[in-house]
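What follows is a set of structures for review.
Same chain, two partners: chain A is paired with chain B first, then with chain C.
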Partner chain A sequence: MNSMQYYSPNTLDEYQKIYSNITGKNILVFAGGTDLMVGRHELPQDAVIIDISGIAELKGIEKKEDKIVVGSCTALNELLYSHQIQNNIPILIKAIKTMASEQIRNRATIGGNIGNASPAGDTITPLVVLEARIEIFSPESNEIRTIPIEALFRGPCASTLQNGEIITKIIIPLRKDKGIFCYFRKIGQRNAMTITKASLSAIAKYSSSKIEWIKLASGSVSPVVKRMSITEEFLKGKELTTAVINEAKEIIAREISPITDIRSTKAFRVLITKNLLGDCLYYLIRQQNI
Partner chain B sequence: MNIDLTVNGKPVSVEAEPLDRLLDILRDKLELTGTKEGCGEGECGACTVFMNNKLVNSCLVPAMHLHDANVVTIDGLREFDFFKLITKAYEENGAVQCGFCTPGFVMSTIDLLRNSSGKSVGDEEIKDAFAGNICRCTGYDKIIKAVRQLLTMDIKVPERFYE
Partner chain C sequence: MKNNIFSVVGKNLPRTDAYEKVTGRAQYAADISFPGMCFAAQKKTTVPHGIIKNIDISQAERVTGVEVIITHKDVPGNNISGVIKYDQPVFSFDKIYCPADVVSLVVGEDKEAVQKALTLIKIEVEELPVLSDYTHALDKDALLIHPENKSNLINHYPLRKGNIEKGFQESDVIIERTYTTPAIEHAYIEPECITAVPDFRKDVYKIYGSVQNPFTCRRIVAQVMKVPLANIHIIQNELGGSFGGKDDTMDMLAARACVACKKVGKPVRIHLSREESIIESYKRHPYTMNYKVGVSNKGILKAMKIDILADGGAYASMSPFVTWRSVVQATGPYEVKNVHTDVRAVYTNNPYTGAMRGFGSPQIIFAQESLMDELADELHMSPIEIRRINGYKQDSETASGQILSNHVVSLNQVIDKATKESDFEKKYETYKAKYSVEGNSHSINLILNDNQFSAGSNIKEGIGLACSFRGCSLGAEGVDATGSLISIQKDGSVYLISGLAENGQGLRMTFSMIAAETLGISPDDIYYLEQDTSRVADGGPTVASRSTLVGGEAVKNAAEIVKKRIEKMLIDEWELSERATFKFADHYIVHEGSGKKIAVSEACDKAYLNGVNLSAYGWFKAPEVDWDEEIGQGPAYFTYVYGCQIAEVEVNAASGKILVKRVTAVHDAGQIINRLGALGQIYGGVSMGAGYGIMEEVIVKNAEIQNINFDEYLIPTSVDVGEIRAFFVENPDRFGPFGAKSLGEPTLEITAAAINNAVANALGKRFYHLPLDLEQIKTGKTLYQIKK
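After this line comes the complex of A and B, so read on.
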């Protein structure tokens, strides 16, 4: 392996200083490395690595009044074992449980999962339905801005981050309404350790046999993860009859835009997405009847 | 770059490039060859070690993350009593065939035994604990049998090794 230039700042301030000294260079932000190490031989050889995993400000989980703030370099297993997340954001727990393995989750960060911008990133669909916001630090302007998570993605594995910009925090709003239903399921080659062919995240409020509101996001079936707003709008205020569920499945099939790739075909992805929505809605009904 | 770390309780100093893998440092520089390379991509778990007391794939850990790290490999655990009990259970249950995956499974077994002391562990939890380990020979049943047996034995695994 060649000698790559590398820095490991301990604070955002140091990060900014390093950035100013190497302007014009191609910067490779490195966190847990579970994505980057796999492709380490394909990394641009002239890139300068900045390892952000030692920046203390980017770690930890904090509950504020109406939100939970997660540092981007927090490992997936820290989230999985966090009582704050378990008690307040169960959908994220459901998703992380399906991700990789104990070994990987000890190293993989949530910021890396988002920053990778893969349509198959399993923390992304839950964060999209939770309407999470992403805090970004720009070393160029030395400023921090906050954007809705959906605005971060430009295309498959392409984010809107500029050279050197890093995700610093993930801000997850907490809902006031009680008894929120949540659903996450992914379909891959097998149950454990699998890359998502298609997934569905949902949160919903169901009362007096009707859907008060529902938020849906499908993974791996569009160039970027986005809300299924037409399907959401259709389901709003409806009673979940078989006819309604069947119609919703047809609507979501039209709302996604899957492709055929090495992991699956377009037709199969459409079929699984429809079935995932059906599974989600029937599960919702069963939950209400307990 | 020069890196100072602790491996199996001993301070060591190695020369490495930032993205060199912990796996290669262990095997080629420190001759700790109990840790194996299967896939080199985080899938198979043959390279599993403890780093700062957490289970990790050494094929995915870059040298630059090793400053002051505490790494414990299978070669550093052989003398512990719990290790001998694990070896025995694996042998008795036919859980080792070609043996290539075994060091990784044993590391995950140690982590599971440690995390589950005093708790009851179901088959789902056992499967989850081994999601990151692949075996092409045994069909897993024999390994799971060995692990189930070990879980009934109230084995004491220290909270930390060499610290």
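After this line comes the complex of A and C, so read on.
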């Protein structure tokens, strides 16, 4: 009958071989499956599932001089409990802590969160402000290329990956400057197992009462997660007075393009994104005063 | 302590089924399989409302692996069914009324073949316009859902007491408010599963499944199959939750499976996916409630004019009973001389609505308890004071003219206990002083403009109180009698079964404790029989928090009949006087005069050898109740329970998120039988009530449900509801077993109202719509309202 096919390669090589033997079918890359299984009823019946979770090359967290390299099939909980991540990329820890539940985090992978390309993906906004790069393997050309994470997203739950391409690594640059402020907050209906209605990630450098630079990304309020560059530009070099913060809130409200859907309303998302930015900036001021 | 008079009743005992359930050994409907079993998948259309022009099954029939395809043509008896009114097609044939409708069943042993055939059934439907907004269902030009009725009205209950105009004239303060509540999903953990199994006897069917009310299910199936009631055996499997939700839906599924079973001559199973379950099962009624209340300067309620509209969806289902409870209890536990209530349920194309834990009370309690707090504010009184002035006392008269004299009216007792335990008054005043309600409670409140999530000042604390009275059991809804069967073996072990069914609430344990107390044995000595309609008399449905009260009394009655026979035997054996009294406790029977004693097991052995009948049928018929439908007057229920809950919340003014920090729940449920079970009812009920209060809503757009799984239909997790402190006030009832009454629904019905009052206390701003989701707190509109 029309049962689905399932493969589980152990190496990228095997992945490539399996891929080249399949023609004209719907290939579904399966990592932790925590997104895919939710939509299992809608999966095409003729789908060929390639489970990449057994590929050892896609796992692990490694520090290399000025960057941290994370394998795409690394589970969220591995990141959460990693000293490398805890010490070097606290914003990612803040984000992962708010995600799903213990059980889901044991299965869910960071590559899956990115590959799913949802504007509500909670590791995405931190990775965007961190200016992470994504390493991609193409089984057609048997080559590896690297792109900025932002270039991966095409629309809500649509990525620019093509023809069996998979994310192999996430490369997160480490900054040399000390005392970087970081902020992540998400707003959802529940205290656990909650999907983001709106969120904000920020990293910034603040010195002599001024914002030297700031990088912002809002979740769930645009078709794809992207930097809030107009707001960033506005804040650059500014002192954080109440007037500046209020103006920044208005600017970010214009920069996002939220919709009303099953999870929240446009009005709420606008209001909350403004509040998140206000919260972030006041928090920044408080941190400096300690 | 008064508990000392009992040896079993009132104790904390783990349930008989606890071990099996927590270790995964318990057998649910889908865990059981039968040789040659076929699977049946249901074909629905994508059109919410329309005329069926043609049903073409020819292509689907040809799929290898498919045994049969069932349509309305295969139904031997009634194809139109329903628990109260006959208005729901088992298989749709001329018209689609709502997205839950099923046109046909594909049956086969191969699940994949069945799924494939399902896609090949072609149904031609001429679309009709859709009526989804129930507030317009009674408009003059409204589209008619069941045109033969000439109106979309399902039922209308008026209640008239006193002189409403005079009441408002005597009032110093009059306020009028409109409240709305959304549809709610029961969210039982186990989706529906049913299997119809043929018998070697002609026209006999055994039906296994997650059935809440086996006797209702049997009646529906027998009508659809056109066979005598006795030919249909409903055998209930372990139920993975029901909350009122496995009644009509299961009856329909059982009937469809049985029709298919007859045709293929093999066992046929229907097992719904979560998505199908949410689309097909009925919901709690959305209500729109208009309350106009007049009160004197001294705080005495003078008049209440209440107009309630309930969305019944496409079928009447339990609407006539659900809304009847609303009309009885609409004023809340308050004495009002002049009352004018109208409750109407209407048809729409929406998912149909029916029984759900609470049954017409959570909605009105949300309205009336929010209103009482608002009145108190207007009059500069405390929420306790206004309730103290107007609340029911011994011999108070209800809106329907019933004098509350045959039970202890404990409203003040439960309020006192709850307010003391939670330090209500002090907290209420402290929080209120921070943000007192503004002159016009509809105005936008400034604190909600706060924008810092993390700063401590952003968390606003509030405390809120709500209370209720609730009629126990069915009341004037219907026949209220039930039976129980006990059979003691010669070694003293016992078979027990009741006409009411375990729904996961712990009934088997409660009944075992009642029988054990009566016979002086331990609940461990009792083997509770599998629920099977052929084993015990029809005892009506397991609903209305009636099991412990009505079913428990029947169990006690059965045990007492056998006990009397054992006593009589001992009187003969020991040559005692006819008036000898015995104590049955701790596995021994002691003659109170002489101190002579015998083990219960030994006495049973003796009885057996003497040919004494150790089996008995117990029965309980509820005392008479009455209702005059024209004016809504009469003694509606034979006894009542009272409860008070106090919610403490933290509202994050920046995000709008409500944390339910603590709920203090005080309930007078009469004598508690199993304390552990009763605590479980409170913990579960409060959590469900909190979900209703802050997040749950079935989002319906153009009659179609948008959130059909738990990724989008949100219920609280264990970290969303904080501490629950449970207390019992135990005023024994004169009718229930050992003085027990009701608890299941009271625990749930009050919570949302208490949370709403706590939020008002925290923010100085009132809300009128459930749920109090982030969107409503921050922008004034719930998700549900936006989607409409």
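In this text, the second predicted complex is superposed on the first by the 288 of 290 C-alpha atoms of A that agree within 3 Å, B and C clash if a C-alpha of one lies under 4 Å from a C-alpha of the other, contacts with A are read in each partner's own complex, and residues count from 1 in each chain.
Basically, contacts are C-beta pairs under 8 Å (C-beta built on N, C-alpha and C of every residue); 3 or more make two chains touch, one makes a residue touch a chain.
Just so we're clear, the structure is a prediction, and the values are computed from it rather than from any experiment.
S.K.: Give one of first, second, both or neither to describe whether A:M193 is in contact with chain B, with chain C, with both, or with none.
M.R.: Touch status of A:M193: both partners.
S.K.: Just checking: does A:N106 make contact with chain B only, chain C only, both, or neither of them? Give me first, second, both or neither.
M.R.: A:N106: touches chain B, not chain C.
S.K.: May I ask you to decide whether A:N289 touches chain B, chain C, both, or neither, giving the answer as first, second, both or neither?
M.R.: neither
S.K.: Could you tell me if A:I49 is touching chain B, chain C, both of them or neither one (first, second, both, neither)?
M.R.: first
S.K.: May I ask you to decide whether A:S208 touches chain B, chain C, both, or neither, giving the answer as first, second, both or neither?
M.R.: neither
S.K.: Just chain B (first), just chain C (second), both, or neither: which does A:V38 touch?
M.R.: In the superposition, A:V38 contacts both chain B and chain C.
S.K.: Show me the chain A residues, by the header's touch rule, that chain B contacts in one structure and chain C contacts in the other.
M.R.: Touching chain B and chain C on chain A: residues 1-3, 38, 192-193.
S.K.: Spell out the part of chain A that touches chain B in their complex, as residue ranges.
M.R.: 1-4, 6, 8, 30, 33-34, 37-38, 40, 43, 49, 51, 53, 77, 97, 100-104, 106-107, 192-193
S.K.: Applying the document's contact rule, which stretches of chain C touch chain A when the two form their complex?
M.R.: My answer: residues 65, 110, 112-113, 116, 273, 275, 451-455, 654-657, 659, 695, 699, 706-707, 709, 711-712, 714, 716-717, 719-720, 773-775, 778-779, 781, 783, 786-787.
S.K.: Which part of chain A faces chain C closely enough to touch in the complex?
M.R.: For chain A paired with chain C, touching residues are 1-3, 38, 41, 185, 187, 189-195, 197, 249, 260, 262-265, 267-268, 271-272, 274-276, 278-279, 282-283.
S.K.: With touch defined as at the start, can you tell me which chain B residues reach chain A in the complex?
M.R.: Answer in residue numbers: 1, 17-21, 41-43, 45, 48, 54-57, 59-62, 64-65, 108, 111, 127-129, 131-133.
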